[in-house]
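The structures considered in this document are given below.
Both of the next two complexes hold subunit A, though its partner changes from subunit B to subunit C.
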Partner chain A sequence: MTKLRHFFRIYLPFSRAGIQEMVAYRANFICFLIGEIVSAFIMFFVWKAVFASSSQQTFNGFTLEDMVVYVFITFLTGYLTYSDGAFAIGEEIVDGSIATRMIRPCSFDMCFLFHELGSRLISIAMIFVPIVAGVEIYRCVITGSVRFDIPHFLLYLLSLTVAYGISFYFNVCYGFMAFFFKNLWGTSLIKETLTSFLSGAIVPLAFLPAPLAAVLNFLPFASLSYTPVMIYMGMYSYAEIAYRIGLQLFWLLAMFLLSKLIWRCAVKRLSVQGG
Partner chain B sequence: MDKMIYVDNLRKEFKKVIKEPGLKGSVKSLFSPKKEIITAVDGVSFDVDRGEILGFIGPNGAGKSTVIKMLTGILTPTSGMCRINGKIPQEDRKNYVREIGVVFGQRTQLWWDLALRETYAVLKEIYEVPDEQYHKRMAFLNEVLELDDFITSPVRTLSLGQRMRADIAASLLHSPKVLFLDEPTIGLDVVVKENIRGAIRQINEQEGTTVILTTHDLSDIELLCERIVMIDKGKKVFDGALSQLKHSYGQMRTFRFELLSPDDIALLDYRGRFKLSDDDCSTEVKKASVCVKFNSSLVSVEDMISYTLQTVHVKDIEIRDVEIEEIIKRLYKREVAV
Partner chain C sequence: MLRYLRLHRIFISQHLKRLMEYKTDFLLGAIGLLIAQALQVMFIGIIFSQIPELEGYTFDEVLFIFGFSLIPKSLDHLFTDNLWMVGYSIVRKGDFDKYLTRPINSLYYVTVERFCVDAFGEMLTGILLLSYSIPRLSMAFHWYTIPLALVVVIFATLIYTSLKTMTAAISFWTKASGHIIHMLYMTNDFSKYPVTIYNKAVQTLITYVIPFAFTAYYPASFFLTDKNPLFCIGGTVIAGTALFALALFIWNRGIRAYESAGS
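And then the complex of A and B:
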């Protein structure tokens, strides 16, 4: 217990620093948020047009109402699990400021984790309740009944947390690539696009050909976004949920271990560019 | 005396991709990069006593910073070993860095967007400094480094001098046993330099902190260090007391005098009189004032002066002590064999 308290005593200051930095650059965050919301609405209008031009009421088991929930909850999940650690780590490796991090008696990933949680705390608080409330009111108006389900919601929160962990360590691994490539900007565009497609953030995996969907469902990318969203929407049975969250935990562990392995190899060839 | 720092045959190699010039070269290096191994540090050994201030000098690119980065656990040596206070930096980094303080003059380790006071509060938690000790420490650092004027400002708004003082304070907050200062006075004005030197000396004297200092400002060395280690091209070229350096390599002496009539300069011929080569004797003449540099191991100061006084009428004469800067300049240019 004292060990845990000690742990938080060390790393909570990083969260505090994150909050303060966020406040210092609030315009940046507000613009980012607006951009994300606009793109969610674009997805919404695209799907609305798709459904309007189709003679069918449902697509692969999705009604228009499901699709709206899917789009906005995917947006919310994507926003909450977004981790920009890769960029920060990559930059620090390239400009050599990683050196100043290594002279502190802290664990490298924990510093980033707590800093990121701190810097996003306010935005999470600002966006979470409105989106969930908006989606639920919409569902209520369309279907005429309350569809909000507390067990599924709690399981969604659990799955979301694990998804964030996977996203975080995935990006840490990716950030360490800067040790080898020295610059991450170009490849990060590919990474972003691939991730959003493979995780089902653009098109639900259920819409893809069955063999492809089966493969993607198993890959870590589905754990990032598709799994929590499906849980929220009540698309999975409890048995299925248990399996999915188990799979997520497996990927979290895998990413965590991978990041440690890369760090070990990388630190030996660290060359701190410039001075 | 027990040793605080042992460095034994430390070596660091970097792989460097060589790119041929032009677009064609870029494309070529993308597919079959040519690699070259660069030895930045080539078998350096030295040790440092507890409570000593060691000046670690060498020309640009000599490998000073690379050594410091290995000693602080940032880089892993290719071979060789360093041990600080009985610990090997790379083995248990998190525990090791609790005992050291590091300042890189070229980059700040403060949080760019935080007020300075917040930065120290964060560091207090990270290093688990108890409240009482923290307040005492802050009062002490405030006094030595005069942080009060800017302690509430965000780090990004500080001037270079303020930032450096803040950085040094940050490195000392947890009372480290060893302090690594990598160019702590770079780009600072005379007053701030003085201030920082005073702080380093005071901390060394009061707490017995061992200090390793790299710098290009030789007055830092003269005012702070008794012993220096000089490296060049990754190899150690000198290790010893400053006075020893002066003694061994300080043969070049300088004296100046003012002639009563400027035309008399034609009468003086030091090289002919004492059979000295151009390297061992040079004169600089500016109107009536003459500056003579000569190798005192070949001709005594006395002979030079008496020859001068016998040959010409002199208004004023000044003999200078050996200048450390001159010796080091010659060492860097490899005029002096080591």
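And then the complex of A and C:
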């Protein structure tokens, strides 16, 4: 118990710093969000046009209403699981300030994690409720009945948390790429776009050819976005949800161990220039 | 004018020298943009595997509009990418002083300083899409089609550049405006699809308020159908000219309001 309290005594100040940063730059955050949500609205209009141009009511098991929920919950999930601690690691490696981090008596990934959680707290509070409420009101108006289901929603929150963990450690691994590439802009563009495709954020995996979809469903990328969104939508049975969350936990562990391994190797190789 | 052209050549060759130093960086940036666009094209392909036409537009027509939208976008990206840095950091750090102390126009100097070759990734996708879709479309081809297309592309690029200049200039008053540039710039994605798929509010927004629809859909639809030249082509020219005049006005007012970072 005292150990746990000690743990939070060390890391909570990082969260507080994150919150303060976020409060200071909240106008920036709102502008950024409006710019990003444009892509979700484009998807919304494109899918509406697709359904309007066809006599079919469903495509690969998705109705128009499902598709709209899919688009906006995918946006929300992508936003909430987004992690950019990696960028900071990259920058610190390049400018050498990682050296001070290494002499601190705390673990580097926990520092980033708590700092990021703090800075996300405000944005989550601002974005989560409006999007979920908007989606549910839309569903209610279209179908004429309340589709909001508490067990699935809670399972979504669980799956979302695991997805964030995977994203965090995946990006920590990626952050170490700064050892090899000086500029992370190009590689992160490649990473972002490939991840968004492989995780089903551009088009639901069910729309892809069956063998490809089967492979992608198993890879860690599906755990980032597709799994939580499908759980939210109630597309999976409880048995399947158990399997999917189990798979997510497996990938979380794998990413965690991988990041530790890379960290250990990287520390040996690290040479900070100047001083 | 000639002096500026000569300067431009010098700046670009300087920049290319710097690039040779970081070849992989450039390649990765261009490949990243190429992949990003290719995946969007794949999305369109998946959609059309389900339906024959999207609101009356065939696969080839949608690809033509999409490809057309990338040409002005990539040209603007290539030449004026430094405006982002004005919004994000140059003004905030007080580095803008440098641009005011040289005997050339400050807006020209800022934009010419960076030559963003990553944009070739977008441009290549655009050219590939156009050269794939044009032979498959039965477009009316006149003697004036190509010169007209060049003029339209110039004014469409000007729409991009002007909107970026205006929002970057806001930083002269507020110190930083990168996120405002981002917010406005992202709406250009609306122009990649036929405007008819959107509702009235979005159509009005991207036609009359932030006229990105004139960078792709309207001119492209003229080339596809030969109809409404006055609105489709004239609109692009007017929007480009008017926005550019407004952008210059805001930029010059902004410079007067600019205060360097004190230190």
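Here, the second predicted complex is superposed on the first by the 271 of 275 C-alpha atoms of A that agree within 3 Å, B and C clash if a C-alpha of one lies under 4 Å from a C-alpha of the other, contacts with A are read in each partner's own complex, and residues count from 1 in each chain.
Rule of thumb we're sticking to: a contact is a pair of C-beta atoms (placed from the backbone, for glycine too) under 8 Å apart; a residue touches a chain by one contact, two chains touch by 3 or more.
Note that this is a predicted model, so its numbers are computed, not measured.
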Answer with first, second, both or neither: which of subunit B and subunit C does A:L64 touch in the superposed model?
-> neither
Quick one: subunit B or subunit C, who's touching more of subunit A?
-> C
Applying the touch criterion given at the start, work out whether A:L158 contacts subunit B, subunit C, both or neither, answering first, second, both or neither.
-> neither
Classify the contacts of A:L121 with the two partner chains as first (subunit B alone), second (subunit C alone), both, or neither.
-> neither
After superposition on the shared chain, which partner residues are touched by A:V267: those of subunit B (first), subunit C (second), both, or neither?
-> first
Using the touch definition from the top, say if A:A99 reaches subunit B (first), subunit C (second), both or neither.
-> first
Can A:I10 be said to touch subunit B (first), subunit C (second), both, or neither?
-> first
After superposition on chain A, the subunit A residues reached by both subunit B and subunit C are none
For subunit B, which residues are in contact with subunit A within the complex?
-> 14-15, 65, 69, 72-76, 93-95, 97-98, 100, 102, 104, 106-109, 111, 113-114, 118, 121-122, 125-128, 154
Would you pull the subunit A residues touching subunit C in the complex into a rising list?
-> 27-29, 31-32, 34-36, 38-39, 41-42, 45-46, 48-50, 52-54, 56, 59, 181-183, 185-190, 193-194, 196-197, 202-203, 207-208
Touching subunit A in the complex, subunit C uses residues 22, 24-33, 35-36, 39-40, 42-43, 46-47, 50-56, 118, 176, 178-180, 182-187, 189-190, 192-193, 197-199, 202
In the complex, subunit A residues that touch subunit B | 6, 9-10, 12-14, 16-17, 20-21, 24-25, 96-97, 99-100, 102-107, 267-272, 275
